[in-house]
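Every chain is named by a letter (A, B, C, D, E and F) in the order it is written, and numbering of its residues begins at 1.
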Amino acid sequence: MSDILTMCKIVLSSLRKKTACQMYPVKPAKFYKNSRGHIALEPAKCILCTLCAKRCPTGAIEVDRTKGVWQINRFKCILCNECVHSCRPVALSMENQYAAPSANKDIETHNVEIKKPAAKPVAPGESAENS
Amino acid sequence: MDWVTFLILFPLIPAVLLLFTKKNYEAQKWIVLISSILIIIGSIGLAVEQIGHTGGFRYISSHFTNNLVMLGDVIVALVFLYICRSLPLKKYWIPLMVVIQYGLVLYYDFAGKMPEMNRYIFLDNLAVIMALVIGIVGCLIAVYTVGYMKKYHEHHHEIPDRSHLFIATVFLFFFAMYGLVFSNSITWIYFFWEITTLCSFIMISYSKTEEAMNNAFRAVWMLLIGGLAFAMGIIYAANVCNTIDLQLLLASKKSLVLVPILFLCFAGMNKAAQYPFGGWLLGAMVAPTPSSALLHSSTMVKAGVYLVLRCSPILQDTDAGAIIALIGGLSFLAGSALAISQRNAKKVLAYSTIANLGLIILCAGIGTPFTLSAALLLIIFHAVAKALMFISVGSVDNATGSQDIEDMYGLCYNMHRMGIIMIIGISGMFLAPFGMLISKMAVIQALALRNPIFPPIVIFGGSLMLFFWTKWMGYLIAITDKKPVEYHKDIGIEWIGLWGLAGLTIISVVFYPYIGKLWIVPMYGECPLFSEGVQLTILLMLVMMILPPLTIVARRRNVVFTKPYLAGVNVEEKGEYLGSLGASRSWSFRNYYIEKYFSEKKLLNATILSSLILWILMFVMENVMS
Amino acid sequence: MDINVCNGECNVMSVIIAVIIFLILAPLVGGLISGADRIITARMQSRVGPPVLQPFYDVLKLFGKQNLVVNKYHGDYVLCFLIFTILSGCIFFGGGNLLLAIFALIVANVFIVLAAYCSNSPYALIGADRELLQMLSAEPMLLLTAVALFQVTGSFNVSEIIKTNRMPFIYLPGVFIALTYILTIKLRKSPFDLSTSHHGHQELVKGLTTEFAGPSLAYFEIAHWYETVFMLGLVYLFFANVPILGVLVVIGVYFIEILIDNVNARFKWELMLKSAWLATLILGVGNLFLLYILSF
Amino acid sequence: MFEQQEIINITKEELLSRVTPLFKDEYRLVQICCTRLDKLIVDYTFDKDYKFLGLRIELPLEGSELPSITDVYFAAFAYENELHDLFGIKVIGNKIDFGGKFYRINEKTPFNKKQEA
Amino acid sequence: MANRTIIPFGPQHPVLPEPIHLDLVLEDEKVVEAIPNVGFVHRGLELLCQKKSFQDMVLVAERICGICSLIHGVGFVQGIEKVMNLEVPERALFLRVFWGELSRIHSHILWLGLAADAIGFESLFMHSWRVREMVLDIFEETTGGRVIFDAVKVGGVRKDISKETFTRIMKQLDKVEEEYKQIAEVFIKDFTIIHRWSNVGVLSKENAAKLGAVGPTLRASGIKSDTRMLKYGAYEKIDFEPIVEHTCDCYARSLVRVKEVYQSFDIIRQCYNKISEGEIETKVTGFPTGEFFSRVEQPRGEVIYYVKGNGTKFLDRFRVRTPTFANIPPLLQMLAGCDLADVPAIIISIDPCISCTER
Amino acid sequence: MGFFKKSPWVLHYDGSSCNGCDIEVLAALMPKYDIERFGIINTGNPKHADVFLITGSVNSQNIDVIKNLYEQMGEPKVVVAVGACACTGHFFAECYNTLGGIDKVIPVDVYAPGCAARPEVIIDAVVKGLAVLEEKKKNKQK
């Protein structure tokens, strides 16, 4: 009852068939609608409410509402989506493309315009990335 | 004076002198050194003189010497009986065996029933090669013995120091061996034959412990069976063939002399510890190591194969010869397999001795010129390398107090010189291009065209040997983390024996073609082994062996030292690892012994049984046919 | 059939040329074979696999690595392994004595075992004993092959074996099959990659080669290429009188080896030893017996 | 749908005499667990044919001891080592006692520390 | 002892996917003694319940281990739901079963691959994982993660699967099953597989029960026990029988898993047929008070979550007893007397997952 | 010498991870991602490895193991921290027995984010690591 032909069949037929390889990075990675890649901020929508930072279980997000700075440490983020759910103005979204590896753990910083009328505008209107 | 007479008689002088050197180490040393040099000169002189000759009767001896031999027989018989005095009554059959065989032989002798003969000494190249082995290897061992016995008694205070007796026995043994190889009369051979048995007994029982005595008596009774067969062979030859001249016997018609020759072969194989009689050789390992080196591997047991080799012209192309070859092959296989499960160095050597002797017997049984040449090579190389192995084990034992191979882990590291010597010895035993392997190659080539049974036997046995020798060798060269312990200071005069034999192991490889051309070819004819192509390749290999050590000198840069991989939990300083329960633990490694397949318990009985069956088969067959 | 006495008639020049060609070509061929092996293996596993030249990249990289050693000596045994493997190939392809070539290969093998013993690492040591078991399993058949070829062609010299006008395979099918069985052991392929394996997933980590790093490992790899070429040369001898067929068979046999590699888990040593010896006894020795009986 | 869970409070002296019949009755030891409240609560959980049975022992926070049940349930050795390493409960007679080196953590009894305010 | 080979096995060792250490004492290649050493993955995450709210603890629970992370979540969440008396919508329960069984498939195929690898069967390893990737695709499509899913939450699940997607996935699964069938055949029939696994690492029925084995390890020793028979969640509405083998060796343990994969395919089909439209979560108000031992069946066997709430958002105690923890004593018993070559096969045969054992 | 880029052999070690990243490392070897295309072999032996892939947040016991393995790797070598755990420890950094990140123990050359880090990220990280390896090699030769 024991044989080795079953395996031979599999092996030989794979020899004939196309490989199962997706050929990344020659071909781009394939994602699904739901794929959790990285958290993206739309600075224009953010109201610096800090809710996301409070909800984040890992402390990946830091928001400084006085300076108008929204920061994320991608190397801490576990892609749990909690921040996205907590963001009322829908400034956050989960993008499919994963965050890139890097030689140092840069914290990604976005300058956000402080929308409260009381505060005087400090930061330039557009967001800058430095990573 | 003739070299032959000199070689036979001279050893008696130091033997007697040594009896008076109790506890006088210096005297022992000088007597042994001087007489060894003389004996070596004698052997070489004889060999040189023999170049160009094939063989012939050297002497027509007077009846006086023959009568001396008869007297000697009586004395030996009495000594045997004297030894047996301490035996319990229920072992009555040991003295009985002595009485029967000597009774028969002496009865024939004194009653004048022995056929007349007058060519007592025969000298040919076979005897010369034996003489060379006895002389050179034997004397190196003898020198070694002096130093060894001194240290032996430093470590074993419980044993009374009778080392002078021991060394005297060594020279008595030389006397017997030379006599044996040069004699043409089978009664003479028988006389010397039994003296070697006696020497063996004295040496095995040396320590007088219970185990030693038991093993010594086991050796005696087993060897006496051979003696009995020998005696029967003599009687048969005298009665039926009407001659006790060995050369005459060998020249007679095959069918006529086959039975007495078979008896002689039986005796020879018994002495060569072939199965079913392998047991005594294992027991003999309790003797001080030099006796194992001398008697139980390089010379006395060779007397057994020598006899079979002598008889091989009769055996060639007979069924009996094939069966003898088969028994040799069986011993070869069994010995090699049994050695795998052993961890006592001397036992490994003993089993491998049985195995190699088996191989020689196999060659002798086949009896073609090519196999006989191979057999002679085997005798030479085996004697040198095996003697070297034994005495180095002896020295290691003296230095470290253990014969266990497991305790030799990292020996090269602790005792550099000893380690190198042992490695040379082991290489000599199985590694290309050293002697034993050349011979084995010769055997395979020689057997290849004969039939499909024998080459596989040699091949399988050889592979088994490879296994235990390599693992032993690996153990020697391992390098431990521990600080080396320097043991060398203990070793003195033994170095002569050790380096001498080590040198011989290597030199014999370089010069074997000359040995072949000068002494073997005249006797057995051309053999492809001595061709230039093979010789060149072998030399090339030898050179390559030396090459890597040279690269060591050249290439020492760029290496970075690390610790061995221990799954990531090294404890750096100690060479240990962090084990379970959070404690630092040292790892250890023990060789494989595969007792499941190769244990003594499983293999021995089967081997003994099958060899017995083969013997019985052979005798029945011959008797039915004749 | 008379005993073959070396008659010294072969041309020294041609021997030297053959040896030089072997020295240069064998590692190239061996490396390419191993590269092709990896690609075919990958395809069998539904993967794409590395480039054909990957083995060369690997070896060149290894030479650029730090030479980590456990002690002063252990690297040198690996070098000996390489030297003797090459030597055995030289004897073989120089047309020399087949037995001698095999013995040289055995010596090479002994050296690799010694290298492992020397390295003072438990995994390497166990690997060494396993390698010994592998040798114990494979050696008899190798030598028997030489004997069998001798019985058919009347010579142990490769130079004469290839001049034979009958095809050894026809007389020695059993020996041939047993040899291919043993080949798997010698090529260290699954199911017989007990002492060390090409991939890291083994109970002994890397077994024998655990402690070889950088250049030492590179020597080991190169020696393995030479060894592969030698073994395939041995296979070729069975068809020596029809060279094209010989080459095709060699390719076929290697493909079968790859297939076997991919459809088997690793054997335990007991099964290896038993099956290898049985193959040797039944197919190898049995074949010789038949030959012996039929020649009457 | 949730299963019914029966938990019996016992004392540590009773433990062995309670556990032994369970073993004879072919109950399986499911787990041993400890909880730190104002005292230590040790739960022994058993199961037979999906029927849950718990034994509960209350112990003081510090210096508590428990008899080992490894004589009955050998498999308890791991849990008992855990009790020792994480909660500082001394288990007497554990068949495989790692002596505080089960997890080999740096902190002592991390699960049984004075709660910071 | 000096006569025996003693080697450290792990923590770093190529056949061990995770760090665990054994002092192996050998004679030739026979294992005489094996002393385990754990703690290389002990993170102490149970104490995180004092720092993370009970809702965030779901995320922690799913990261106890990346192989059957979802079922960890389910176990924990069920405990909280019982303590808080939450009524979870039926659709959510079915989705949990769907993903749970899919986890089992992925986990078992992963195991089959690793087990093949442990005996040096590399190409089978590759092919098993090739099939497993198809399952992961379904996971990624439905939850967004390949191995960590973050799909369950207290009171329900986070993601829904639309009707069309579900139907398509079912078709995809048929294909997966077809591919799986081929490799399953190998695991059942192959010569070397049988050589390496049958009569290796035998755990008798008696010992399995006594030593408290769980999951496939227990079932392969002839004991019919499967925590899913408690009929928690939607299992109430699903028909199945635990799979049992009687040869008690590594081969049996593999066979149980091979067959359980088929069973899981079947359960998923039942799910698909029985699931109804509706809400996927209930609103959670208040904080947990009370205690519960929540038991669920993971691919590796029974896992237990003990939760004890005190009316705040932090739990008093969060405790996991994972299947591997229960299988370690039987493992030690299986190891005694085996060959060195069998050690990896036997260790893998209980499907050890050290990360959740040590937490 | 450009061969490092073509033949990076990796060593993988689980430094207290949840397995999620480890199985993704393995998955990268498997048919779908097949990193052997780049000559990558999972050696399992530090002495043969060029790239050290570590997952997990490193607990106190693993410190010595990781250091030991790192030391046994021959130069040049690259360390890749795989997953959020290995980069920072994310919430496990708050546990009493973890260090929170590989870089607390040995120098890390490349960080690969994600929980779990996808095989694609791992491939990118190794490729990035190779650039670093090349750099190191050059610096050494100078």
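Please note the rule applied: a residue touches a chain if its C-beta (ideal position, glycine included) is under 8 Å from a C-beta of that chain, and two chains touch if they have at least 3 such contacts.
All of these numbers come straight from a predicted model, not from anything done at the bench.
**Student:** Listed by label, which chains are in contact with chain A and with chain B?
**Tutor:** Shared contacts of chain A and chain B: C, E, F.
**Student:** Spelling it out: a chain qualifies if it touches chain B and also touches chain C; which chains qualify?
**Tutor:** The shared contacts of chain B and chain C, listed by label, come to E, F.
**Student:** Looking at every pair of chains, which has the largest contact count?
**Tutor:** Among the chain pairs, B-C has the highest number of C-beta contacts.
**Student:** From the C-alpha centres, identify the chain that is farthest from chain B.
**Tutor:** Of all chains, A has its centre farthest from that of chain B.
**Student:** Roughly how many whole angstrom separate the Cα centroids of chain B and chain F?
**Tutor:** 60
**Student:** How many angstrom lie between the centres of chain A and chain D, each centre taken as the mean Cα position?
**Tutor:** Each chain's C-alpha centroid was found; their separation is 43 Å.
**Student:** Using the average of all C-alpha atoms in each chain as its centre, how far is it in Å between chain B and chain E?
**Tutor:** Those two chain centres are 65 Å apart.
**Student:** Express in whole angstrom the distance between the two chain centres, defined as the mean CA positions of chain D and chain F.
**Tutor:** 39
**Student:** Mind pulling the residue numbers of chain C that touch at least two other chains?
**Tutor:** 42, 44-48, 66-68, 122-123, 126, 199-202, 205, 210-211, 213, 262-264
**Student:** Among the residues of chain F, which ones contact at least 2 other chains?
**Tutor:** Chain F, residues with two or more chain partners: 13, 30-32, 34, 37, 42-47, 59, 61, 65, 69, 72, 74, 91, 96-97, 115, 118.
**Student:** Would you pick out the residues of chain B that each touch at least 2 other chains?
**Tutor:** Touching at least two other chains: 560, 562-563, 565-569, 578, 581-582, 587-589, 592, 596.
**Student:** Chain E touches which residues of chain B in the complex?
**Tutor:** It is residues 406, 566-569, 577-582, 585-590, 592-596 of chain B that touch chain E.
**Student:** Which bits of chain F are touching chain A when the two form their complex?
**Tutor:** Within the complex, chain F touches chain A at residues 31-34, 37, 80, 84, 87-88, 90-91, 109-115, 118-121, 123-125, 127-128, 132.
**Student:** Mind listing the chain F positions that touch chain C in their complex?
**Tutor:** Residues in contact with chain C: 1, 3-4, 6-7, 9, 30-31, 34, 36-39, 41-45, 47-48, 50, 72, 74-76, 137.
**Student:** Taking the touch rule as given, give the residues of chain F at its contact with chain D in the complex, in rising order.
**Tutor:** For chain F paired with chain D, touching residues are 59-61, 96-97.
**Student:** With touch defined as at the start, can you tell me which chain B residues reach chain F in the complex?
**Tutor:** 560, 562-563, 565, 568-570, 578
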